[in-house]
Amino acid sequence: MTNKNNRSGVFEASVAGSEHFGEKICRLKFVLSGEGADAFKLASPGEFAQFQVEGLALPSNLPEGLEDRAFRQPILRRPFSFLDIYPYGEDMIVEIMCDIIGTGTARLSGLRAGDKVSILGPLGRGFAKPEKGKKVIGIAGGIGIPPVEHFLRQLCRDNPKQECFAFAGARSRADMPIASVQQGKNPENQEYSFCKHFAAATDDGSFGDKGLVTEVFESWFAGAGLSPADCEIAACGPEPMLRAIAQTAHKLGIRAQVSLEKMMACGIGVCQSCIVPVKSQLGREQNKLCCKDGPVFDSREVFAE
Amino acid sequence: MSIVNEKIEFAGLNLKNPVFTASGTCGYIDELDDYLDVNQLGGWITKSITLKPRLGNPAPRVVETNGGMLNAIGLANIGLEEFIAEKLPIIRQKNTAVFVNLAGQKIDEYVEVASRLSGQDGISGFELNISCPNVKQGGISFGTDPAQIKKITSEVKPACGGKPLMVKLTPSVTDISKTAEAAVLGGADALSLVNTFTAMVIDVHTRTPVLANRTGGLSGPAIKPMAVYLVSRVYQDVAKDAGIPIMGLGGIRNGLDAAEFMIAGASTVCIGTATFARPDAAVKVSDGLRRFCESEGIKKISELTGSLN
Amino acid sequence: MSIVNEKIEFAGLNLKNPVFTASGTCGYIDELDDYLDVNQLGGWITKSITLKPRLGNPAPRVVETNGGMLNAIGLANIGLEEFIAEKLPIIRQKNTAVFVNLAGQKIDEYVEVASRLSGQDGISGFELNISCPNVKQGGISFGTDPAQIKKITSEVKPACGGKPLMVKLTPSVTDISKTAEAAVLGGADALSLVNTFTAMVIDVHTRTPVLANRTGGLSGPAIKPMAVYLVSRVYQDVAKDAGIPIMGLGGIRNGLDAAEFMIAGASTVCIGTATFARPDAAVKVSDGLRRFCESEGIKKISELTGSLN
Amino acid sequence: MTNKNNRSGVFEASVAGSEHFGEKICRLKFVLSGEGADAFKLASPGEFAQFQVEGLALPSNLPEGLEDRAFRQPILRRPFSFLDIYPYGEDMIVEIMCDIIGTGTARLSGLRAGDKVSILGPLGRGFAKPEKGKKVIGIAGGIGIPPVEHFLRQLCRDNPKQECFAFAGARSRADMPIASVQQGKNPENQEYSFCKHFAAATDDGSFGDKGLVTEVFESWFAGAGLSPADCEIAACGPEPMLRAIAQTAHKLGIRAQVSLEKMMACGIGVCQSCIVPVKSQLGREQNKLCCKDGPVFDSREVFAE
């Protein structure tokens, strides 16, 4: 996993814009200048940042199920992986894709261009670059999709010859945090156009295959004629999905990186809330920290073989 | 240079200013190096150290509440040996006060950790954690019984090698003056209050407590008015006459909050949960406290202590 | 018509639903007539009634805190006679349960108020307030001592004329199970918890407590996780086995909050501070609780009680 | 004081606009439709409403002294008197002038057109109409100015022959919540043009006379040749000022109404927080409620003669 860079800090960002896809998903664009821009120039896919939500307005038009759940006064920041990071003149743009599930995400979703938000980051260890020449297979579920998309996109940006394959799953079309899917377009011709192959699965079949994205990946891989030794997996999503991917990867002998999500208070390694239990090489139980040692881990470290 | 004299005498220590970071919320301080220059603070307090390393409780260990959060970390820490070997050398390079927070299951353990550390350079004093609500044996049971508090304090005190011993009180008692008094009778050089309030959050969909430990300790802005009250009680009833200083904490986020604790009777203050929202919170508090004194024409910060009308 | 059965049996009363408005936060209910149809609630609880009228504490009596507020009203009320003459006739026209909250300085006063009222029509039961932190004599001192609680409960109980007596517990004790048990042993038909937590806010500019009474009781969302914990403790340790129902309160603002208290062990819930932000809060809570049950497929609201895994 | 109307309720208002005068003062305009409009049609000057502040954004650019003070999570509403209320088609516009002193007022000051805010009102008892033919002298200090201005304006709107005189005081020009003063214009030709006389005083002389507005009023009255029996006073401001006005009024024999400000939790008479100690006719001590029995009281009721 890439080394944590040392330039993380607390920066004020400006909201450059937001785009809503239905009631559940929105994409937010932040501009960072000065030191913030310098820090985020060194950020890499799979890392994350802690976004201020205290003091942001709670939107008054929340959907019914969310009204009561979101009616709370937050004090902690909220962690988000990046959908993309890129320069904009001297500044840097940071994009996130946000699944609106509670008070913090609802408040973020209500941001408008020009609003100011404090961002603590970049934090953690992101996805490690693949070994030279290896193909990268991204497999992601739900809100795990953005960081994997970011990773694949950045690899292809850095090296146009990089071969990437992407598999995305979600409960339904409305839950899939991919802009083109929400816009009724085909991701293969849109944000995933750099991928050699893109496939999706939903629980209800409302987009892509009906079923699990891991199954879609497995049957594709079985027929793709790729040598496991030439491939690496990068995955993010719900833990049961990551466990399944890890098992498949271990079975096939493909190296896999998985990005985990834990409840985080601080995001910087001081509160000890985000533990990831691992076995040390001597078999001793040990806790790693998702925020500092992760969120991206080698699959063998966190999912016993 | 500010015209405000920020120096504080506290339990025999000379501090740069009254602001500390709280135990369990600043790790072993190196984790905060990128964000906060601890040398700008009066001092800091280590995560609780136990004789043996502790993995602590399973996850989830934290959950946010209205204006606060619960934690049930369970005193996860690297243990005495690794602390001495790995952390003390880094700590010694800092140029500010540090209290080592002591925890254990039995009095013997506290005594052993204190005596092993009291010989070490670079430690200013000890904080006796007898009030952690997240550990089943020991922990909170010590902290609610005055007789036990007196006993543990008087037994740990000789192991501190003359360094100040501060006793951290739990707020979850009927009469905090009694527990404070017990600590003073046991030989405490200072009192810190408050630790967290026992609380629970239930996930209504699964009908299960959110924390793996079921209950946790409430901290953050939500508890501030209760903590201020308890500090003022202990100051009036016990600490003032005994000449024992108080370190006040609970929900402090800015200079005005810190001033409130000092006016209530605290000589120093501690920043806990606020650090999670902003890693440099303690320095901001210290700046804010100085600005407050400037705007109020207060020349010596220590004049604030106990100045409640 | 909702498919959810909202009826609750509580201390012998048949209630429409589990939601009440809390003592001291809904006056004598007529003040809320313009905003809330109390007949849509399970019931409501009067402001504490004392034998003689009380002016209460001087102003300021309230101050807001992070996610909560302090009050030190000091049991201001119109007194027993005026209550009977002016308020009871209006109350009788309501078609829902009403508990009269009893307060006093001495046990005799409680007994007298209860016996005068127990003969009156239109009162469903009594709530014994032994836990108000804002009255100097009596008040909280009763509420922290199990022996006193048992004594007052057992002496007031016979004065209730067979109507249910609910005892309201203070959260500011080391072990709430002991005070709960004392109330049960004294003959309580139900327990309500929690009352407010003692707290203080200081104006840092004048260095004076904001409240004229210096301290006040903390209520509102800030206290919810502590209140949920205390309800679950009392349910598990005392109420469940004794078959004594709990009325849960502390920071409830919506249906999910209410569900949390019920899952923790409450049979009914009470809405206090939330009414100040929204006079029809209790009806909104009741609506939200019903919606929650619908979406979770819960057919009988009472099934929630104590269903914590 | 006018009867409390029975149509008070909780209504959603839309922000129609806001205007900032320096860092301390802003004017907010809200639109109420439907039932809200019906309720506020019956509102009268001196009454107030409770404005939601929870869930509103805390502006990120607060002036330094306010930053720490405003950094708090409110749960209660905030009471404001009206600067003006008038129809706008079927809807009603409610204007308030807001002195930015803490978290609630800071949040209100950050509202932008189109934002939604919940308003509970109209509440309390406002200024009673003067007896027929009586001249009305408004005397107000600081944030007490808006309701008195509203009262005088409404009287002249209802009866163009009504004679009004206005006296406004504040600490300094920057603290005077009168739009024209903030804009460097003369109130006598602006919002106070309906008054026969307008005079102002500030503690530092930065606007109007240097000194107390009560003194300005008294010396004017001494030379104005008005008969006390033909006049009534309507006042709002800090309590010491109201006490001084009451004493002068009692001495001169002018009927005076004073509008008080107390810390309020509920605003509707249930919490008993906003007490105004009065002596009953039998000399018994008694508490009235500022929110229900006031905020406007007869000066003799609340300030002993």
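The letters A, B, C and D name the chains in turn, as written, and every chain counts its residues from 1.
The definition used in the following text is that a residue touches a chain if its C-beta (ideal position, glycine included) is under 8 Å from a C-beta of that chain, and two chains touch if they have at least 3 such contacts.
No experiment lies behind these values; they were computed from the predicted model shown.
Shared contact partners of subunit A and subunit B, listed by label: C, D. Averaged Cα coordinates give subunit C a centre that lies 36 Å from the centre of subunit D. The centroid of the Cα atoms in subunit A and the matching centroid in subunit C are 46 Å apart.
Chain centres here are Cα means. That of subunit A falls 52 Å from that of subunit D. Subunit D has residues 54, 71-73, 75 in contact with two or more other chains. The set of subunit C residues that touch two or more partner chains comprises 65-68, 220-221, 256, 292.
Chain contacts here are complete: no pair of chains fails to touch. Taken in their complex, subunit C has these residues touching subunit A: 66-67, 221, 253-256, 288, 291-292, 295. Note for the complex: subunit A touches subunit D at residues 12, 54-58, 60-61, 71, 73, 75, 115-116. Residues 24-27, 31-32, 34-35, 47, 55-56, 58-69, 71, 73, 76, 220-221, 273, 275-280 of subunit C touch subunit D in their complex. Looking at the complex, you find that subunit A touches subunit C at residues 64-65, 67-69, 71-73. Residues of subunit B that touch subunit C in their complex: 65-68, 70, 144, 172-175, 197-202, 204-209, 215, 218, 221-226, 228-229, 232, 251, 256, 259-260, 263-264, 292, 296, 307-309.
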